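Pasting the structures here.
Each of the next two complexes has chain A plus one other chain: chain B in the first, chain C in the second.
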Partner chain A sequence: MINFLARRLFAGVVLILVITTLAYALIYSSAGNAARNILGENATADDVAAKARELGLDRPLHEQYFDWFSNAIRGDLGVSWFTSEPVSALLANRLPVTLSMVILAVLVTAVISAILGVTAAVRGGWLDRLLQVVSVIGFSLPNFWVALVLVVIFAVAVPIFPATGYVPMSESLSGWFLALILPVIALVLGGIASAAQQIRGAVIDVLDMDYVRTLRARGLSSTSVLLRHVLRNAAPPALTVLSLQFIALLGGAVVIERVFAIPGMGTLTINSSFQGDVPALMGVVVALVILVVIVNLVIDLANGWINPKARLQ
Partner chain B sequence: MTEATTALTNAPLPTAPGRVSITRTVLRNPLGLTALIILTLIILISVVAPFFAPHDPSEVKIDKILAPPSADYLLGGDGAGRDVFSRLIWAGQNTLLGALIAVTIALVLGSVAGLIAGYFGKAFDAAFSWASNILMALPAMIVLLALYQTLGGSVYSTMAVFGVMLSPGFFRLVRNQVIAVKNELYVDAARVSGLSDTRIISRHILRVVRSPIIIQTSVIAGIAIIIQSGLEFLGLGDPATPTWGGMLQDAFSNIYINPPGILWPGLIIAATVASLVLLGNAVRDGLQGPRAAAVRPRAVPQHPHGHTAAQGAIEALDADPGKAPLLRVKDIQVGYGNTENPITVVRGVSFDVAPGEIVGIVGESGSGKTQTAFSILGLLPRGGRVLSGSIQFRGRDITFAPESEMQKLRGRDIAYIPQEPMSNLDPSFTIGHQLVEPMQAVLKISKEEARKRALALLARVGIADPERTFRSYPHEISGGMAQRVLIAGAVSCEPKLLIADEPTTALDVTVQAEVLDLLRDLQSEMGMGIVMVTHNFGVVADLCDRVVVMQHGRVVETNDAETLFYAPAEPYTKSLLGATLDDAPPRPPLGQKFLSSSSKGQNHA
Partner chain C sequence: MQLGKRAAAVLAAVTVSGLLLTGCGGGGGGTSEGQTGGAATGGTLTLASPFDNNSFDRAALEIGNRVHYWMPVYDTLLVLDENAELQPNLATEWSYNADNTVLNLKLREGVKFTDGAPFDGEAVKANLEHLKNGKGQNAYMAASIGSIDVVSPTEVNLNLSQPDPGLVFYLGVVGGAVASPTALASPDIATTPVGSGPYTLDKSATTAGSQYTYTRNPDYWNQEDFPYDKIVVKPIADNTARLNALKSGQVDAGIIEAKSIKEAEGSRLKVSTEPVDWHGLFIADREGKTVPALGDVRVRQAINMAIDAESILKNLQLGQGEVTDQIFNTKSQAYVEELDNKYSFDLDAAKKLMSEAGYADGFEVLMPDLATYPQLTPIIEQQLGALNIRVNWQKVSADASISEVLSGKFPMFFFSLGSQSAWQDFQKVALPTSPWNTAKVNNPELNALVQAARVAKPGEEQDKAMQAVNTWMVDNAWFAPWYRVDNIIATSAKTEATAQPWNVAPWIRNYRPAS
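What follows is the complex of A and B.
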């Protein structure tokens, strides 16, 4: 198990290194006119050159990267070019907002899609067909459009929930929850049905296994075989589905935050992208890759715990 | 959004070679046809937008700002006083072009990399798979936003990068298909006959991956349209160019003044994407047939006419329980598929098993012997059911007994030994758990007591170190040991009837004899009746009192084992016997198996 974990951890570190290096090269290679961006159209060429020197943009890319990297592993991701705030502080402000929303969305997706998927696998019939239809609809409706519809309904027509804005959990737990209801609904609607369909597939695969029949032949009820044996064996593929959902929801959160005016990572990404705030963008990328690696590691751990064979591989 | 690619890639894809005409398949599916028409209309109108749109997309009329629909502005005006209808039409071009760029890049990059990785394997495969996993691990939206300035602030170049991010969807699909096809015999034959790699790829492999690629393309095009609209909704791209996402942005900024403004752009995006997905689904359904899951295992319809007759039989038997056999199978038919027109696999099988008797069911593969065994247990695979006839256990008709009653019988009264030992143990639980759990449930004994019993049983079935096996997971023990474990499990609640489905077929020859000895010993100890399903006359000769010979789902002959061997009544039995019990000395290459079985047969005789 330790060995398994160590290998996974190593793969994660490699992923972080590769992505950040690649992102640095791409983002900074075009940062040449960043100084002009910051100073505006009226700045003189000398001012621009001085600003570029100040930001270190006149040095070779690999030197800049080396500096950035050696600071980054000590937790210093530089300063925003526009607000002069440390990037790590920016992230510390924004990340909890987005994370609390996305984790809530993943939990909702997990519970609902597991119930729907397992029921559809065992029962079949109309629920099965309904899932197919709903997953096409869920896939076709852009989540930001669903978000707009929700805003129209709940802010304009039936104002029962706060339609926009965000309340930190530390301020008011109920306020936080109410503020996230609509964003989370908009986030999860597209993915639930397709996740449920995949879970359904995973459960059906296990239901057709020989050992399920043998366990039932021993006199176990189909319910207890389902709850103990089938769910446990269907869990690894289902967990993988959820980890992919998590990544998708992180991406989806960007647009959703915009619609609901939530000050999270998405808003930070959009603003930094339009301003060309390169250090902030790098910070977003770093935070994101680390998140992805952690999620995958947790899923691997869970799979290793569920499936004794995975521990040995 | 990349999640959706995997979501739909993981769905079962048809592997049938592209013999079916895809166009005809889609046209025959009403949903597919509708989708195709809608999609064609959207594309056509977008292409001829300049001739079709009543207004220039950037024509501004001050009095039409957020105006309701009118004869001039069919769908009303937007926040700047431009015609929503004309802009919708013009926007189609831009949105579809962006999607086209992304799909083309994803398709070319993913397919080529998939072909190379799948066909040449090794380092290519490792490198491409690694890159593909990295791309899939990243949320596209954030990456695209981060790179937006680098890409020169153009939506099209952003979509090109998105194409790269989508390419794993094609890569994984093509790679897996190529690996599956590569090892097919006909591809081997092509290679041996000297066809070049390129010829093999274009002739044999591309044909197989064509349909899955079409399906995947439709899904990826949908994702591209949604992501592009999302980016434009956030404000990417040139605000002067009409796009569906950009129109939504405009509607969003006026959402409190003119809520219906969000309607049309959203609907057209949804209609386009849904058409694409439905088109893909139509292709998939056409290739793999209707979903197989329509029929469920326990949705057993009540037997239409035989019910009262069966009840009559129970009464008759109950009147004289002493005469009732342990098991009476009477003229059962087993079928699969839909109710009106099932495919029958067992067509009228009857036999009795007396208490303590061992009855062999013999026949070639596909003769229906295993299906007969499963129907006694009430555990036919998905879609299978007993169509008619009756199964009586100790005088009780259990043919259509509800699941709750069957469950009470299983384990305690009727037990089962499967054919393939390894696949019949749950890989996630220890051997011990799989023995203890059913005993607790069936015998209602404590965990500790069940544990003691399980250890004793493991020792009884000849496992050298019961404690250790008890703690082991299935993948840690050998096939022979696994079969002993399964036998231990089957007899753990001292059943009266044991159904053994080819219990030795999957085992090594040396282990086969030991397992048969074990079964014989357990039978004489516990006095169980056994239904022994086998295709091996050696096993029959070794164990069975009576034999039922089956072919094509019917009973050909039922006889005493001895009579059957000395004087088989039916030509089919003779030919089966002739195939195994020959007076001639065993042939060397097959020697082992035939030596053990035929010599035992002769000993018995």
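What follows is the complex of A and C.
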């Protein structure tokens, strides 16, 4: 298990290095506009050139990257070029917002898709067919459209939930929950549809296995077979789907945060991209890559714990 | 089936609302406590801003939408009222010497910053020097100030390197914002503003990117101009999200797009408009260095005549704006009403001018295909195509739009530019060094007119000189303006907002509870 963990950790570190290097190179290509964007439309060319020098944009790419990287591994991600806020503080403000939304969305996705998937696989018949139809519909509805419809109905016409904004948990637990309900519903709809299908398929596959028939022949109840044996063996693909869902939800959050004016990583990403705020954008990249590596690691560990064969692969 | 779904939805909504409201208490909805009485003062004003705050550093303050973040905390030396007229504020009087090179300011007595420091001549000096040396977007507002003499705690002289007709107007906005001199030197100034304004930033109720809360400064000298006890500013970038926040009562006022006017009015929101930006073509290569045809004034005039601005305004902006052929707003000193119709849409006349100039077969021109205005590319191509002008487009991403159009590589380009005071606009477009004079055209005739405006006596003489500059630029077709587009402010039924000339966002003092 230690070797398994070490291998996964090493792969994660390599991934972080590769992604941040590639991201820096890509972002650098438009960094030249940052000086102009900071100084605005009335600045002279001389002022812009001076600002670019101040930001170090006149230096070669590898020098800039080396500086950024050597500071980053010491935990210093620099300062936003536009707000003068330390990037670490920006991330500390924004990451919990997005994470609380995405984690809630993953939990909802896991519970509902597991119930739907297992029920459809076990019961079959009309329920299974209905689930498949609903899944296709759910999967094909764009989340931003769902979000807009939800706001119009549940925040404007029947003002139950806030139309926009985010309330930190520390400020008000109920406010936090209310603010996240509509965004989470908009986020999870497609995810539930896809995860339920995957779980259904995995459970059907396991139900067809010889050992399941054997267990039944030995007189174990259907519930016991399902809960103690089928679900355990159907879990790895479901966990993998959920980890992919988590990553997809991080992407989906960019749109949803805009619709609901939620000040999370998506908003930070869009603003930083439009402005060419390299330190802030690199902070976003680092945070998200680390997050993805951690999620994958946790899923790998969970798979390894459930299925010992996974540790040897 | 339809009825069943709807009934189920309503039932679910009612059930959930009951559960949540009884079990969880408040936390979500409206923010305007204290305003239930309608016209009463006090209460909270909640504003939606399309942009997040950038910084509270006095050197980095911006005009435009971001005034909502700093105006509650930083008072200004002068005030630009709703007619763009200057009014006294922290400076009670102002006057120039005979040759307009020294601006004397008499300062209000007894004003203190919220950290206890006195507002005086030294504070004014420290602030203007901080702005000038700070390299922010608006450092140009203090650029003409060579030195500052503090005559007494209540009087300063700003010694100008050369006359600057825009200076007094700058003192009504970012140029005149005053922070505590102690705070200017603080490393926390970007996040912790200390001013003498009507409100103070409540950091405990402020989360950057989410909400900025300001509570009344009890020692402010002019409380009656600011009826609200609390101001909340929420950055909401998306137009639909802002509209939803307005409709649901989460915010009291915000800027919306033209396409949302009907929906806003249908939701009992009030809508007011003020034209601030002009849209149109910058015919940058006026000397014809890259595209010789553009060096001929007849070609530039033909381009003005070939654009059907009225149709574009009607279709793209839903008629929200005014067709014009000048770049100055109606409250600018340089505005000349007759110039709004100098080049009416007349394709035949335009073709005739092209023919006279020897360009009946047109020419090729490189223009930026701006990601921020994708809908305009086919329109421009079609309208210029009528004169056989063939556009070669170069894609420009959103983050690069300003730097690319200002790079000087495009002989002609579309852009939307704000129009403020006349001299401020001259600085942007008319001088050989102006950033928006991208081809750096140095025309002695225009330079002489600008210089005359610079040294003219403030008042009628200066107005005429400014208008002469405008008339020259229109006659010589330096631009092909289409229209001044309306800035649209939507407010809830309980809020009134007076649009502010020269700025997309009204000042904080322009908001009041509805009577």
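FYI, the second predicted complex is superposed on the first by the 312 of 313 C-alpha atoms of A that agree within 3 Å, B and C clash if a C-alpha of one lies under 4 Å from a C-alpha of the other, contacts with A are read in each partner's own complex, and residues count from 1 in each chain.
Assume contacts are C-beta pairs under 8 Å (C-beta built on N, C-alpha and C of every residue); 3 or more make two chains touch, one makes a residue touch a chain.
These figures come from a predicted structure and were not determined experimentally.
J.: Judging by the criteria at the top, classify the pair chain B and chain C on chain A as clash or fit.
T.: clash
J.: Which of the two partners, first being chain B and second being chain C, lies in contact with A:F154: first, second, both, or neither?
T.: The second partner, chain C, only.
J.: Using the superposition on chain A described above, determine whether A:V18 touches chain B (first), chain C (second), both, or neither.
T.: first
J.: After lining up the shared chain so the two structures overlap, which partner does A:I270 touch, if you call chain B first and chain C second: first, second, both or neither?
T.: both
J.: Could you figure out whether chain B or chain C reaches more residues of chain A?
T.: Touched residues of chain A are more numerous for B.
J.: Is A:P162 contacted by the first partner chain B, the second partner chain C, both or neither?
T.: Touch status of A:P162: second partner only.
J.: Which partner chains sit in contact with A:R59 here, chain B, chain C, both or neither? Use first/second/both/neither.
T.: After superposition on chain A, A:R59 lies in contact with neither partner.
J.: Between chain B and chain C, whom does A:F139 touch in the aligned arrangement: first, second, both, or neither?
T.: After superposition on chain A, A:F139 lies in contact with chain B alone.
J.: With both complexes overlaid on chain A, does A:D47 touch chain B (first), chain C (second), both or neither?
T.: second
J.: Taking the superposition on A as described, I'd like to know which of chain B and chain C A:R123 touches: first, second, both or neither.
T.: first
J.: Applying the document's definition of touch, where does A:S29 land relative to chain B and chain C: first, second, both, or neither?
T.: first
J.: Take the contacts of chain A with chain B and those with chain C, and give the residues found in both.
T.: 30, 148, 151-152, 155-156, 258-259, 270, 273-274, 276
J.: Can you check the complex and tell me which residues of chain A touch chain C?
T.: Within the complex, chain A touches chain C at residues 30, 32-33, 35-45, 47-48, 50-51, 54, 82-85, 90, 93-94, 148, 151-156, 158-168, 172-179, 258-261, 263, 267-268, 270-271, 273-276.
J.: Spell out the part of chain C that touches chain A in their complex, as residue ranges.
T.: 9-10, 13, 16-17, 20, 23-29, 52-55, 57, 60, 62, 135-140, 190-191, 207-211, 234-238, 240-242, 244-245, 247-250, 267, 397-400, 402-404, 406, 417, 427-428, 433, 435-436
J.: What residues on chain A touch chain B, complex-wise?
T.: Touch list, chain A to chain B: 15, 18-19, 23, 26-27, 29-30, 123-125, 128, 136-137, 139-142, 144-145, 148-149, 151-152, 155-157, 191, 194-195, 197-198, 201, 204, 207-211, 213-222, 224, 228-229, 232-233, 241, 244-245, 247-248, 250-252, 254-255, 258-259, 265-266, 269-270, 272-274, 276, 281, 284-285, 288-289, 292, 296, 306-309, 312.
J.: Which part of chain B faces chain A closely enough to touch in the complex?
T.: Touching chain A: residues 1-4, 6-8, 10-12, 134, 136-143, 145-150, 152, 222, 226, 229-230, 233-235, 248, 251-252, 255-256, 259, 262, 265-266, 269-271, 273-274, 277-278, 281, 291, 293-294, 296, 298, 374, 377, 379, 381-382, 403, 407-408, 410-412, 414-416, 418, 420, 423-429, 434, 437-438, 441-442, 473, 475, 486, 489-490, 492-493 of chain B.
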